[in-house]
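Here chain A shows up in two complexes: once beside chain B, once beside chain C.
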Partner chain A sequence: MERLDTVSSLQYFVPEIVLVFSLMAVLFCDLISKNRSQSERRLVIVIPTLIGLVVALFYAFAGAGEVSAGLFNNMVALDGFGNVLRILFIASSIFVLLFTVHSKELKSVHHGELLVLLLTVTVSLIWMANSINLMMIYLALETVSIASYVMVGYLKTDRFSNEASLKYIIFGAVSSGTMLFGMSLLFGLTGSLDLYEIRAALSNQEIVASSGPALMVIIVLILAGIGFKMATVPFHFWCPDVYTGAPTPVTAFLSVGPKVAGFAVLVRFFYGGLSEPAGGHNWAMVGSVDWQTILMVVAVLTMSLGNIAALTQTNVKRLLAYSSIAHAGYIMMGAAVLTGEGIQAMVAYMVVYLFMNLGAFLVVIIVHNEIGSFEVKDYAGIWRRAPMLTLVMGVFLFSLMGIPPFAGFLAKWYVFSAVIKAGLGWFAVVGGVNSAIGAFYYLQILKTMFVDGDETPSPAKPLILQPIYAGLLFVLVVPNIIGLLLWGYLDRVAQYSQRLLDVI
Partner chain B sequence: MIPLEYYLVVASALFSLGLFGLLTKKNAVNVLMSIELMFNAANINLIAFSRFVTGDTEGQVFALFVIVIAACESAVALAIVMSLYRILKGVDLPEASALKG
Partner chain C sequence: METLAPKIIFWVFTGLMLGSALVVVLGTNLVRAAFALLATFFSVAAFYAMLGADFLAGVQILVYVGGILTLFLFGVMLTNRIYGLELETATFQLGSGALVSLTVFAVLVTVVLTTPWSQTALVEEGPTTPAIGRLLMTEYVLPFEIASVLLLVALLGAAMLVRRRIDL
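Coming up: the complex of A and B.
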């Protein structure tokens, strides 16, 4: 593991620098366009944001090489895992940026600050996913949190948006305070903030023997902060309320970006700090605590609760919130198996999850623009108004279910096979049963869209689809349909992402 | 000199007080104050450990960052409470319960 100083780290930090500069540029453009009309002003700020994100995406692809190092004196890691997630975050921000353009909910408010916040969160997500120092993890996590509190409460006059924001900030502050307390204890126990030095200290039997139950307490406290970001049981209570209250593009963003970054922190913390490579693709826990069991219990509870609670939901955003909790459980399965294949499976799942979940949310935005409702029952008869849109929604939902020809199946298969390979057959069975439960509520939405509402006498008015949204739908739906053809590529990406800092 | 244990006891007491306040208070501003206590408990821990365990400034720098972040967080939180106050004409948390299910 090579340790680089600040100046020589900068060459590997180009996407982040581009994002920071475009953030300032957007702020500036927003200021100088103050006297323009609303639509002109929107164009003036959306275009620089888009350019900044695309350039950053280009550099992120170009920078995904074979080098691995601890940047900024071991504050931030540069490795395959981080490089893949960096691309994922920037891509999800590009989608979300384009989602905001025609969203009816955001029509009456000014966009400038929202896009600045979006860029801020994107940069911090990258830092969060790559931090290997407790202080850096805390800073990045808080920057993501604080900016997303404001994004959730962006509709200042809307009661739901404000309430969601207040709930989010209270849950967020409590869980990050708890995590911070755990970090301070871990610092006291090991005498270091660097995850790799913490691992070295925990390999020392003397320290472990003298610590008593302290390590257990520390792990539970820190898991509170990470679990809040991932929205796993028992730190998921905020999730349905916040997802319902926030503007839908923001909800779509929260369901992908911060969740994925939470899992990245989980991997960095538990694989970097609390376990060590044990030859082949295996990892061995250090310290006295069996955290693998804790993660498995959390994964089982998360997916079961998410799927069961989703069954009774009538609001489509709330339903997708519970579905995203369930998916967090599936991703967690990959983290809990303690092998390189587990990490691969996690990353593969997160890549596919980006396409299927953002797609489903985009359909929700389009339908809301037209009918002004998030209730599942109001989706009745959409089939006659927009057959293509309904089919596309069908693809996203079948993908979320994990039905064979679609990409979601691939992702689930990847995770389950990693779990079975690690000798945890029962764990895969629990996942399989959960997927079956999940199919029920996704099919409920589809049934409403296809079958219901045929008795309405009024002639079907075709649904308006803006060209940007049509293009986005196409981009999001194609990877879901041809998922099996992309198998080789996804596998290569996953193999590459398995390279954590100390296993190259 | 005061030994390390005393600092840790104070920090744990502060943390528990914060948690207690958080669970019992109804007023949003009181809840935010309780959260602040939790952050400060961690700060005391960090500074005490940096003095007694490591002997360098790493922990103190962390504590400084935490103070800055806590200030940002309460600024945003109070802004949101203000904005909710305009809608609800009150800052009691049980009133903010339109979202449920």
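Coming up: the complex of A and C.
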């Protein structure tokens, strides 16, 4: 593993630098456009944000090379895994930026700070996913958290938005404090903040023999902080309330960005610090604690609870919140198998999840713009007003279910086959049963949209679809439909993303 | 005599810290709790100083005692009718609460006593500030810069939340 100093690291850090500069530029544009009309002003801030994100995306693609190194004296990793996630975060931010443009919820507020916060979260998500030093993990995670607290409470006059923000802050503060305590114990045990030095220290037989209880406490405490970001059981309590109260574009962002970054930290921490490559794409745990079992238990609980709780929800945002908890469980399955295929499966799942989940949320935004409601029962008869939109929603929901021709099936197939290959057949069965339960509530939404509401006498007025939203729907829905054709490409991405820092 | 003095200082500050922390947690008067917190922060700074972390001790006093606590006291005193306010919790589950905290306490004590912690000898060095400054500009320059992004966004968020609706 190569260790680069500050100056030679900068060339691999272009997307992050672009993002930091564009967040400052947007802040400045917001200031100088103070006297313009609201629509002009919105243009003046949206365009630099978009340019910044697109340029960063370009450099992120250009930077996805073969080099693996520890940048900035082993603070952040440069490897295939990080490069893929970097592209994923920037892409999701571009989608969310365009979601905010016509959102009715955000119509009455000024967007300046929201976009600055969006850029900040994007760049700190990248830092978070690539950190290989405990201090960096904490700093990046805290930056993500603080910016997202404000984004959730962005509608200052909305009571639910305030409540969501407050709940998020309290849960976030407790869990990050817990994680920090765990990190300090880990530092006390190993004498290092660097994950790879921690691994070396934990391989020492003397430490292994007598550090069992301490390591157990450390793992539980740190898992509390990571689990809060991933929204896995038992650290999921904030998730439904925050997702329901936040402005929907922000909810869409939270359900993808921080969740994926949480899983990235999980991989960096457990694969980098607490296990070592054992040849043939397998990993072996170091230290004396069987954390693989902990991760498996968390995965089973997360997907079961998410799916079962989603069954009784009547609010679409709340339902999608529980569904995102369930999906965190499926992604966790990939993390728990301790093989290279598991990491591949996680990344493949996250990529597909971005398209299907953002798509579903975009439909929720469009429908809310029109009918002003998030209740499932108010979706009745949407089919007659917007047949295309209903079909598109159908694709997203079938994809979330994991039904064969759509991309969601591919994602589930990756995870389940990785689990079976690792010899954990029962685990795949649990996942399969959960997918079946999940199908029920997704179908419930579809049934309401297609079937119900025929008895209402009101004339079927067509639903207005903004051109930007139509374009976004197209971009999001196509990969879901032709998912199976993209198999080869996804496989290449997954293979590439398996390259963690010290594995080629 | 030489070995006794640090021990006496240690126990004095430990007593001060735990005692004032108990006042913060158990007291019902907000102003008194805030002043007790001052003693807690100050004792923590004393521990840092005893461990040879002079810079950290200074920062602890400057930031926590000088900054955060002063702001906190301002907040308490500027709020109306704070003096008569009795702090109460609606649900006070003594049994289960005591059980959970005693379990956590027992686990942590066991862990602290049984684990072979990585130890370095306490070296009597001069001031640590130059070394910290050098590290911040060399090995830890990235966390240092990220901290500035963190502060920027915290400032921005706070300004945005307290602004009146009319200025939007």
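Brief remarks follow.
Here is the rule we go by: the second predicted complex is superposed on the first by the 503 of 504 C-alpha atoms of A that agree within 3 Å, B and C clash if a C-alpha of one lies under 4 Å from a C-alpha of the other, contacts with A are read in each partner's own complex, and residues count from 1 in each chain.
Just so we're on the same page, a residue touches a chain if its C-beta (ideal position, glycine included) is under 8 Å from a C-beta of that chain, and two chains touch if they have at least 3 such contacts.
Not measured: the values here are computed from a predicted model.
When the two structures are aligned on the shared chain, A:Q292 is found in touch with neither chain B nor chain C. Of the two partner chains, chain C is the only one that A:M75 touches; chain B does not reach it. Of the two partner chains placed around the shared chain by superposition, chain C is the only one that A:I207 touches, whereas chain B remains out of contact. In the superposition on chain A, A:N130 makes contact with neither chain B nor chain C. Looking at the shared chain after the overlay, A:G245 reaches chain B, while chain C stays out of its contact range.
With both structures placed on the common chain, the touch criterion links A:T120 to chain C but leaves chain B unconnected. By the touch criterion stated above, A:N369 is placed in contact with neither chain B nor chain C. In the overlay built on the shared chain, the residue A:A173 is in contact with chain B alone; chain C does not reach it. When the shared chain is aligned, chain B comes close enough to touch A:R318, but chain C does not. Common to the chain B and chain C contact sets on chain A are residues 135, 139, 142, 146, 149-150, 153, 156-157, 185, 188, 191. Chain A contributes residues 6, 20, 27, 71-73, 75-76, 109-110, 113, 116-117, 120, 123-124, 127, 133, 135-136, 139-140, 142-143, 146-147, 149-150, 153-154, 156-157, 185, 188-191, 201, 206-207, 210-211, 213-214, 217 to its touches with chain C in the complex. Residues 134-135, 138-139, 142, 145-146, 149-150, 153, 156-157, 159-160, 162-167, 169-170, 173-174, 177-178, 180-181, 183-185, 187-188, 191-193, 240-241, 244-245, 313-315, 318 of chain A are the ones touching chain B in the complex.
Against chain A, the residues of chain C that register as touching in their complex are 107-108, 110-111, 114-118, 120, 138-143, 146-147, 149-150, 152-154, 156-157, 160-161, 165, 168.
Chain contact summary for the complex, chain B toward chain A: residues 8, 11, 15, 18, 22, 28, 31-32, 35, 38-39, 41-43, 45-46, 48-50, 53-54, 58-59, 61-62, 65-66, 69, 72-73, 76-77, 80-81, 83-84, 87-88, 93, 96-101.
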